[in-house]
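Heads up, the next two complexes both have subunit A, just with different partners, subunit B and then subunit C.
Up next, the complex of A and B:
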């Protein structure tokens, strides 16, 4: 199969997945962001206020001892991940790593594994250790829905035309 | 009689100055009598109101107690309302401090009272440095402001100084887990009213805070009790009347201030503090402060 045919097949597969997947099978379930400097619980109200304003957030759990804030998504609505770090900063704290729990389908394109969701706003490239790579291979061939938990990095601006805006370094993965 | 009148007036002015100065440092956030560099975040708005009772009733000559022939006692009650607001970014804050003052003077010859709005203050605060780690922050902020002569200064019991003054301050704050340390210096550039040139003042505050409970703070919000031990001091130059130094004015006062603070919810707290003078080295003959009690609350509005 030449390159064009391969691209066509992948596009067809993506479209097929987009139109057949149920919303509940492909979304950001939660985002946990480490917040440094959160030493004054009375000041955490500002953080709560800012994070609750982010699109798609259903529930927020702030843990002062862990120094983290967990955003739990509304059903079928993606959390606007790009807004999390600026919100933490606006609240007067320092955002560090974010752990995201995402469900969707894996595809491979040009040697990169992507997690495809039903919405086309957030796209994730996924990396991981060898165990994840063999899991991904099997999930791609079986077209199974997967849940992935990992560190997320904003690698490109949202108006960039590349396929992915975020990179997930996978820590935990499972078939749904 | 003239001399007594003079030291009563100077005492009242000193009280008003101290009240306004301490109100500034209470502008926002813990601790109780010292300012904090930790701000509310962009568009954060709060309100703080509290009552402060100051008893001034011991006559001292160069710091030593002396008999008071008039047996003067001044009780000042001040209820400042402090409203800070963060704008532009999380690093900028503007605010207003509006004190409502009631002063009673009791002495052998009778008593007089005056009450009303004191001197309003406006300030701008800027976060200069921030170093954050998990459960730890170190921050430095600076503040500049102006005190406006909005209080009645013509009565024998003045509610304000009548002068328009400038103040500059820098505050350091380090909080880690259950402990916090804060240090603040405020320079008050005081001006003149009716030929009386108020001496400049330097206020300094040190605060140590400790979270009594919960020992381990997990899910926010949880009820919280904080204990504070503060040192709040002020050293003031002598006033000058028609370019001549007023002997019975200025000096140094330092308070030891234990306090407790209860945070009952995500948007409110209650706090109380007692300020007891440990250094009372005022120049000449002046009425000295015996104690100050504060009881107040802070609410986060938005």
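Up next, the complex of A and C:
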């Protein structure tokens, strides 16, 4: 291959990358779930046993005094958030709030802010106070990666039963 | 008024009393000593759960947070530790030692019972995950029948399973519920000299005694008064047949006759640094020494029956 051909191939490759690249999928770093009634080691280790089976969980930290379990993700493997509440119930507890720490890019569709997802079965809508909404507008405009910590809950989808929709009520946010 | 010199002598005498001195508790038992603190070095604990004694009075502790078994002399001298059988331990719970000096370790996270000799050598294992006959969903405690059978409290399956001495499934009884004969997260089982099966029905806050499986005797209810429980999480029979029950949230050990008659409690009184914080197990030697796993304080307390 001569010099001109090489230059053409490289240019083509760069153009292909520019036109096909998508922002990275939102990456869940951790999920912390609070439970009622966790006071003894039988409870704590039972919860540990059920939660560590969830796809994407790399490390699990149970805090008996706080009544919480923190699921820490594997690199590049998403925690199956939809499985967390059923696992807590299976362990014999009532799940309360879940706090998620997630990084990714924001988009706006029909007035709702979402974290970009590339799978078809999970969708994260994001909301917050006016300070977050201003931050989100700026991050969407500049295509900046963001890190969000907030309360996450399931939201039922009326027209697509296989879609897991979640709403994150943002408490802390920052640009990456 | 106390003369100044006598007052000073009294103060001096009190100051000279050793910190770990023997002191009377509850009239029926005497506190002797304690050992352990939080950590993962030899002799330290991270969420200790179970205790069992061998024929020489040696003390075995399941150190669940550290996923290991530690062996101590009767006075708390560290002897040895091990952390695996067929595989690494996954949350070892209430220990039990049979008449052949075999140590049974229910592994709560691995759904199996691992069996060792007193030097920690692995002998065999039985059970696997599930809810079918012979399977476990978090085995928590073990007891032995006079006929050599092995009884296992199967926590999440809310039942007691019975195996022969080699670990082959024999029978099962109980199901989830709050009625007599049903269980709600049982954590331990002990067999009486007449073959009665005593079950620590932990989250029903009661003990159930089965002389036959059709009509168990029940005692205890949720509460903090004498004879009541806030999570009855371990049961052990003393040399005189009396039952010692770890009452987790009430931070005490309660003692009963075999027929369920309440006798006394110890551990919850304000003994300063010797007060229990959520005990998870108790063992009583044939010569009357009592060992309590003080879960919340990551230590072991030793008492003596008076």
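What we mean here is this: the second predicted complex is superposed on the first by the 139 of 176 C-alpha atoms of A that agree within 3 Å, B and C clash if a C-alpha of one lies under 4 Å from a C-alpha of the other, contacts with A are read in each partner's own complex, and residues count from 1 in each chain.
To be clear about the criterion, a contact is a pair of C-beta atoms (placed from the backbone, for glycine too) under 8 Å apart; a residue touches a chain by one contact, two chains touch by 3 or more.
Being a predicted model, the structure only gives us computed values, none of them experimental.
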item	value
Superposition on subunit A - do subunit B and subunit C clash or fit	clash
A:89 touches, of subunit B and subunit C: first, second, both or neither?	first
Touched partner set for A:61, first subunit B, second subunit C, both or neither	first
Touched partner set for A:145, first subunit B, second subunit C, both or neither	neither
Contacts of A:48 with subunit B and subunit C, given as first, second, both or neither	both
Which superposed partner A:125 touches (first subunit B, second subunit C, both, neither)	neither
Subunit B versus subunit C as contact partner of A:36, first or second or both or neither	first
Clash with subunit C (superposed arrangement) - responsible stretch of subunit B out of 27-35, 63-71 or 279-287	27-35
Shared contact residues on subunit A - subunit B and subunit C	39-42, 45-46, 48-49, 92
Contact set on subunit A toward subunit C in their complex	39-42, 45-46, 48-49, 92
Residue ranges of subunit C touching subunit A (in the complex, touch as defined)	47, 49, 64, 91, 93, 108-109, 138, 140, 155-156, 185, 187, 202, 231, 233, 248-249, 278, 280, 295
Subunit A partner contacts - residues on subunit B that touch it in the complex	29-30, 36, 38-44, 89-90, 127, 130, 132-137, 175-177, 180, 216-222, 224, 263, 266-267, 269, 298, 300, 302
Residue numbers on subunit A that touch subunit B, as the complex places them	34, 36-50, 61-67, 89-94
